[in-house]
């Protein structure tokens, strides 16, 4: 019984793992589908991968992918930049103003994306900006900024108040104090902010839906619009490739941690053996 | 002293970096300036462009090549749209030939966005167009309806009817009685096995047609009846709502009957063959009287640049061989009489694809107006919301 | 963080930041002069290329707008062109040589001079295209004159931003203000107002006012009336057939999904977070790798995953095929058609999609929990269960609250999943808002705005309740 109890947490983790990855496995399996409709099995083929970006549908897929990546890249970097700059400046204000500004910042976080998308649509109509590429990028930046602030502000708060003072006492200019002292300290926050905003922007459908015109299509919009006409297995192939890339990136980023943990386990076992 | 030289070094570095930035920008600019200037001063000699704005996959693969071979002075640029609604806002760009649907053509005529076509330039049309189309009511406004054929030329049309697996659904294949045909979709014995279009006009139209009412009625009693029918259907039959996914389900046998466009019948048949179900499923198409038909028409927008080219193209599309090739590829019905004669017997004699004149006269086009849209949308939303 | 000493920027021997900014702005306007399609007033017309460098090269300017070719005479614009070229040079000379000559830091007077020069430069850059491209050409190309003043490219927008910043910096220098690091956040305040406060006000406004045919706004409750229309429909909930008002029943169904999703996520994610954090603490690693793998599915497009679920449970789908080939069932089970099953599956897929959002906050709180606290509880006589329910669980509340925040409202309005799984049979409040907003009818659009407003109020109320039950409001627990 005790053995079962010991393995139960791992069993549970494994079960949830299967649950989470089931659709992804189905997706990847059907990416080898030879029938042009995604989820009716016709036969095994590697065509979808070989001809991923060729042909009419492949070309549209590529265009949507590039649009999504471009918008996500711009949105994540701009929103992180804006968040860093404003959090830095914000730290010079009184606590009251800080908490007011932060509360206002976090409002879009709790607003459902649907309402956010609609509110931006009204905003752009009000400002007289025509829906298109510009509104898409602006809307993405706008809904990413609260998440960027969410990632960076706590890190900034954790910072020792006296760090920048000490730097300046040691002869650094204000600018140098910021770039050489503060920024490296909040770098983890910056990295997680970029990752977070990029993820959100890539998978966003609701905000994009209300803020584009017919010339621009992001990948999620393309996938959703395929609902009525059957999802193309090339979508699956593209997703499988993206999954693989991210998986490898994840491994690469954590290679150090894995190596470290292996070493730690080794040392642990040695200690126990002794 | 050391401080000063350090500062000078820094200053120098800064100027250098600024200078390089400027140089980079300027060279990038010059590079693109040179390439762009070529673009501006490049004038193609002799050839003029015809910009065609069409549905996706709505023209045979080699039609455009054949046209350019016959008329080397023209070059066709193709643009594609998915729905009339996405096409409409793009009309501020200049196109030479556009192929919208009937209701959209009426709307464009009302908004004065089309130019009258000089029919003397289109001898093939006068020769080959089915005269049936001259008697059709395209719009509830008579003046607009009568003027449709002066602004546009029919390209392809299709009808809405019932596709069904004759092995499982026993109805008289020759029947055109709406109650018999549509009754299949409302008959409890086919629970969980029928499909309806996830589209307001088509599905409400089926219900209205079942009772024999006009597909454009605004009579609230009639609409209430139709709504009740759809509500009962949703509750008792659990139909699958969809557009394209219905075809796959019919091909795999999941559904035994569905409302469908005539063009889709051929598509589903070929899909059945692909899946190897030809011996299991005998898919038939039945067109009841008073059902919907729709036509896509070629027209020339007011801001077209190449009217001569547009005329040449439309005339070319009405050559029998070309119309035949297009019809084979797309699968819809052609208004071109000699092209229709070239079709296989079982297609051209199929009275659901090519209804006889009496049935044809009963068919209706969906009129589009704000009031109709509002009422029908509300009706359809209520049906979708209930369970 | 609140820094004690205010940040003062300029030092006596250095060029002040604002002067540097002005110099960059001037440099930019000089460079921009030579770049095609990148002048300050940038043309939004596709396939139109205009470079003043070309104008200086050849005597003539040929240009095509929408494939129609025009030849422009630039004699009328020549003075403005020369001005646009000379002014930045003047500004740069002024800035760089002022210090050399006078040994003083550029002060207010210099800033004022630079400001006026920059403004004149800006004006001349704007006037050039209006002189170059006549009204007749615009009319023929069916292009509005306002189309001349919009930057289509990202780089162009950056240039404009830089030039505006330069102007502000020059103005700032003129007024002799001290640069404080606070100023950096002023643009952000403006951003907040424009992109957070203004949209909310607009929703509120649009819910009550519509544009009538003459273009003016009238107060109307048409949206509310559309929503409160006394249409009653039948709705089936858990086997009961209820007769409710149409939109209320839709809302109720969405609420049903959202509540079950949140509850399901909590039920599944909490033990998972607990197990993961224990594992992390036991093996003394941050275990972030394993966590990452649980978050990885978030990267795969939600809708594709939903289609995959539909393919899995479909009538001719994976599960049915497996069950039939194992001879456990004879005919396919209509997972997506039968009432209870389809309801359950929709909730299952929703939980599947929102699980990472619940997992992360709870995990990040649990992993930071001090081990000694549980140890102390045990020492004080609590058994495992008590230690958990009285110590660990309350301490993890901030994470739970944060997770509920991230799951409940999105699940309420994320209409795509129920729509895809049920293949259009089920309507949720999100679908209703979507159809309203994108419809042609003005009244329906207003109804959509009213619905958005109501949803917003609902969110604020729920968040208020949640916030009150948790005093800690410091930035959410979602950071990795």
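Labels A, B and C are assigned to the chains in the order they are written; within every chain, residues are numbered from 1.
We take it that a residue touches a chain if its C-beta (ideal position, glycine included) is under 8 Å from a C-beta of that chain, and two chains touch if they have at least 3 such contacts.
The shown structure was predicted, so the numbers you read here are calculated from the model rather than taken from an experiment.
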Neighbouring chains shared between subunit A and subunit C, ordered by label
B
So, comparing each chain's Cα centre against the centre of all protein Cα atoms, which one is closest?
C
Quick one: point me to the chain whose Cα centre is farthest from that of subunit A.
B
Where subunit A and subunit C are represented by their mean Cα positions, the distance between them in whole Å:
12
Find the geometric centre of each of subunit B and subunit C from their Cα atoms only, then give the gap between the two centres in Å, rounded to an integer.
35
Residues of subunit C that contact two or more other chains, please.
316
Give the residues of subunit A touching no fewer than two other chains, as numbers and ranges.
40, 227
Shared-contact residues (touching 2 or more other chains) in subunit B:
198, 242, 245, 252
Considering only the defined contacts, which subunit B positions touch subunit C in the complex?
18, 22, 25-26, 28-30, 32-33, 36-37, 39-41, 43, 49, 92-94, 192, 198, 231, 234-235, 238, 240-242, 245, 249, 252, 254, 303, 305, 370, 373-374, 377, 381-382, 384-387
Which residues, counting only subunit B, touch subunit A once they are in their complex?
56, 81-82, 86, 89-90, 198, 242-245, 248, 252, 274-275
Could you list, by residue number, the parts of subunit C that touch subunit A in their complex?
1-9, 11, 154, 157, 180-189, 191-192, 194-200, 202-203, 206, 268, 271-272, 275-276, 278-279, 283-286, 288-290, 292-294, 296-312, 314, 316-318, 352, 355, 405, 409-410, 412-416, 420, 430, 433-434, 437-438, 448-449, 452, 455-456, 459, 463, 474-476, 478-480
Complex contact set, residues of subunit A against subunit B
35, 37, 40, 42, 56, 213-215, 225, 227-230
Complex contacts: residues of subunit A adjacent to subunit C:
9-10, 12-13, 16-17, 19-24, 26-27, 30, 38-40, 74, 82, 85-95, 98, 101-102, 104-105, 107-116, 118-123, 126, 134, 137-138, 142, 145, 150-151, 153-157, 159, 161, 164-165, 173-174, 189, 192, 195-196, 199, 202-203, 205-206, 209-210, 219-220, 223-224, 227, 231, 235-236, 239, 242-243, 246-247, 250, 254, 257-258, 260-261, 264-265, 268
